[in-house]
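Chain naming follows the written order as A, B, C, D, E and F, and within any one chain the residues start at number 1.
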Amino acid sequence: MTLEAGAGKPLAKYAAWRRAGDFIFLSGIIPVNPQTALIVRGYDDIPAGAQQLLGRTGEFSTDIKEGPILAQSWYVLESIRTTIESAGGQMSDVIKLVQYFRNLDHFPHYSRVRKLFYPGTPPVSTVVQVSEMLPSPDVLIEVEATAWLPQ
Amino acid sequence: MTLEAGAGKPLAKYAAWRRAGDFIFLSGIIPVNPQTALIVRGYDDIPAGAQQLLGRTGEFSTDIKEGPILAQSWYVLESIRTTIESAGGQMSDVIKLVQYFRNLDHFPHYSRVRKLFYPGTPPVSTVVQVSEMLPSPDVLIEVEATAWLPQ
Amino acid sequence: MTLEAGAGKPLAKYAAWRRAGDFIFLSGIIPVNPQTALIVRGYDDIPAGAQQLLGRTGEFSTDIKEGPILAQSWYVLESIRTTIESAGGQMSDVIKLVQYFRNLDHFPHYSRVRKLFYPGTPPVSTVVQVSEMLPSPDVLIEVEATAWLPQ
Amino acid sequence: MTLEAGAGKPLAKYAAWRRAGDFIFLSGIIPVNPQTALIVRGYDDIPAGAQQLLGRTGEFSTDIKEGPILAQSWYVLESIRTTIESAGGQMSDVIKLVQYFRNLDHFPHYSRVRKLFYPGTPPVSTVVQVSEMLPSPDVLIEVEATAWLPQ
Amino acid sequence: MTLEAGAGKPLAKYAAWRRAGDFIFLSGIIPVNPQTALIVRGYDDIPAGAQQLLGRTGEFSTDIKEGPILAQSWYVLESIRTTIESAGGQMSDVIKLVQYFRNLDHFPHYSRVRKLFYPGTPPVSTVVQVSEMLPSPDVLIEVEATAWLPQ
Amino acid sequence: MTLEAGAGKPLAKYAAWRRAGDFIFLSGIIPVNPQTALIVRGYDDIPAGAQQLLGRTGEFSTDIKEGPILAQSWYVLESIRTTIESAGGQMSDVIKLVQYFRNLDHFPHYSRVRKLFYPGTPPVSTVVQVSEMLPSPDVLIEVEATAWLPQ
């Protein structure tokens, strides 16, 4: 399961990540492919392997409801994984997440996806519902990650 | 004044705290007892000593207005204290707080409670109003704490 | 271009900044002059040099629309610069920003101002829209900064 | 910088312009290409030269916010220019504009674009915010122009 | 098909029309009979000939939906015709219309009616949706007309 | 009764008025003093003579309700008078008005004020309610005027 090229690269004039001592700070990551500038809106915008992993049912009514938050959750966490790997670390080095939702009813879906990325010790976590994120109201989740990766 | 058993333990699959070098990162803490899964809704949900400390008046109209935010503020900060102590530190090691409110009119009440926990040097502080927090709209405040506790 | 006296000093019982090891944590900064307790509401509340830098047009209808967010963006970032300098560092040491907006349509304006403060490597950045900030709905932006400044 | 073919031609059964004595009256112009029936939604729907002129930054989050109103403003004014030229005049003959916006916060952006079309004497101008325009809520601006072009 | 007496006369202290050089300017016309002060609310408020012309079906569900906008459109355009004739001209002299709607979903209905009044060259046209018109929210359309009628 | 200095001058890069043949076109006029950039918000923002003319009662509850629309109506019409006089004409040369309101319940108040400016033949008039005007929601009325003033 590979993220399509471009994910995890900054969309504006900000750094995707910066090292400060033993820490790696990541910018808040949104479900937007920076190369195509497309927002991930559902299952069709993520790789087939990821769709299967997330439990795409093939039933229209179910997939159209769950697809957006599941696909966005996967895309954002996969982007974090890609980013920390490009910094020389791995997902388990990401020890803190701040998660912004547009609708906290989505939390259980996100929570299930997050467990796939954290089979071992979970990170510390903060969760709040905000009124909007960049670049548009279609964005349902943004995650800010902090990693500890001693040099 | 002791916090009832259970406070400060994680409600879901996330860590209550993680050490990274000389830092202790805490998850965002909400006013929910993780053992009983009950939200702190007013004075009656916190110990008598805490009620007295917060200035419970015994007048119904006043207590029903101030009680929820005062009791939640106390519960959340007490949970932070319990958590940092379980990590081997104390409240004064918690040097940074990010505070999420549902209604910033509650800030003065919270601010008075926070001073009880910080008789000395105050922490750095960020305050914003968000639209909702977990697990329900009854939650009026969430606090994310960072401590510096050199090994 | 110098910030008027008082900017960057705390408005309440919290620390403007705290050092923790090699890090400097700043409190969330709002566009309020802590000495006069006045909210920056437009171009007239910032120095003439800053007005020019931000492109004040002199046309009423345009300036009244753009002035508030441009002046607040400048004031907040200038306060961060003043604060980190008082801690012995400089703007380029501020490597992480969390930015809270009341209206994300203001983001392009803020983004242009931020580039003036970061001619070199940009910081990592998180951006969300919240429903309100202290002390009143007139506040359009709050920025929480973290600096890395090895002793 | 040439407008793609079709701009300025009427979309329905109305005249793009009519001469009455020394005056040329134009129909209200919306940012829709009458040949393709496509609404101009952002930078990608206008020529590269126009994008550059309007200051496309290349940063996704900024361009997606500013692009729609800047591109629509340019398209509508360019259509007016094309129309008046087809009537034998030039932009400076257009002496009156009534401008309808969906959101007056867009006014500063439009105002900057209009100055590009009026380097000399500006037109008389009326500006109001209406609730919707044809053909859909994606239309952010409509401009009705009147020219004085003595025979 | 004659308009009932009174249509096209001003409801308040304003002129129904004024000549200025070769132009005739009409006040914005609303679907209200100035003699009876009644708003045209449906087919029953216009002459039988007009009902037939507009395609009254006799089916309740259809007529109650289409009737209000069709009858108001007809009444307003017929008032314009009556007014310009009282000034010595005819409909084809009315070369510009500004049309205000309460709901642009009504536009196709209005457009069909307008074609009945303009079998030849159509006028220039501006269309916007506003939030209300005089004298009450029952008014679905207002049209401001300008005629060119050289002396 | 003299308008304070500055009224009727353009607030942005547009012409206050332009002559085209025998016509004078005025920009839409809003109740803002272009010199002080202050919106007229009530009786206190207009000259004492005008307050008396409009019937200021001295009763707080009444004046605070009627004052804003009466003062704005007077200010806008007085600005039109000042403007047309600066072009060499007088109020009776202004033969057409398009009036935009934020709330049509204000119309009767405006209508009474307008009669003071038009003791003789009234102008043609169009009235609609829009959702907002420049520079802010405090503006209750905007009037676009056209005059006929043969050279």
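Throughout what follows, a residue touches a chain if its C-beta (ideal position, glycine included) is under 8 Å from a C-beta of that chain, and two chains touch if they have at least 3 such contacts.
Keep in mind it's a predicted model, so treat the numbers as computed, not measured.
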Smallest number of contact steps required from chain C to reach chain D: 1
Chain whose mean Cα position lies farthest from chain C: E
Copies chain D and chain E touch via same or different residues, half shared test: different
Inter-copy rotation, chain A to chain D, in degrees (Cα atoms; steps of 5): 120
Distance between the centres, which are taken as Cα means, of chain E and chain B, whole angstrom: 65
CA centroid of chain A to CA centroid of chain E, Å: 56
Interchain centroid distance [CA atoms averaged], chain A/chain B, Å: 28
Shared-contact residues (touching 2 or more other chains) in chain B: 21, 98, 130-131
Touch relationships between chains, expressed as pairs: A-B, A-C, A-D, B-C, C-D, C-F, D-E, D-F, E-F
In the complex with chain D, residue positions of chain E that touch it: 21-23, 95-96, 98, 104, 107, 111, 114-115, 118, 121-131, 146, 148, 150
Chain F partner contacts - residues on chain E that touch it in the complex: 12-18, 20-21, 25-28, 98, 100, 130-134, 142, 144
Chain C partner contacts - residues on chain F that touch it in the complex: 11-13, 32, 34, 37, 134-136
Residue ranges of chain C touching chain F (in the complex, touch as defined): 59-62, 64-65
Residue ranges of chain C in contact with chain D within the complex: 59, 61-62, 65-66, 104-105, 107-108, 111-112, 127
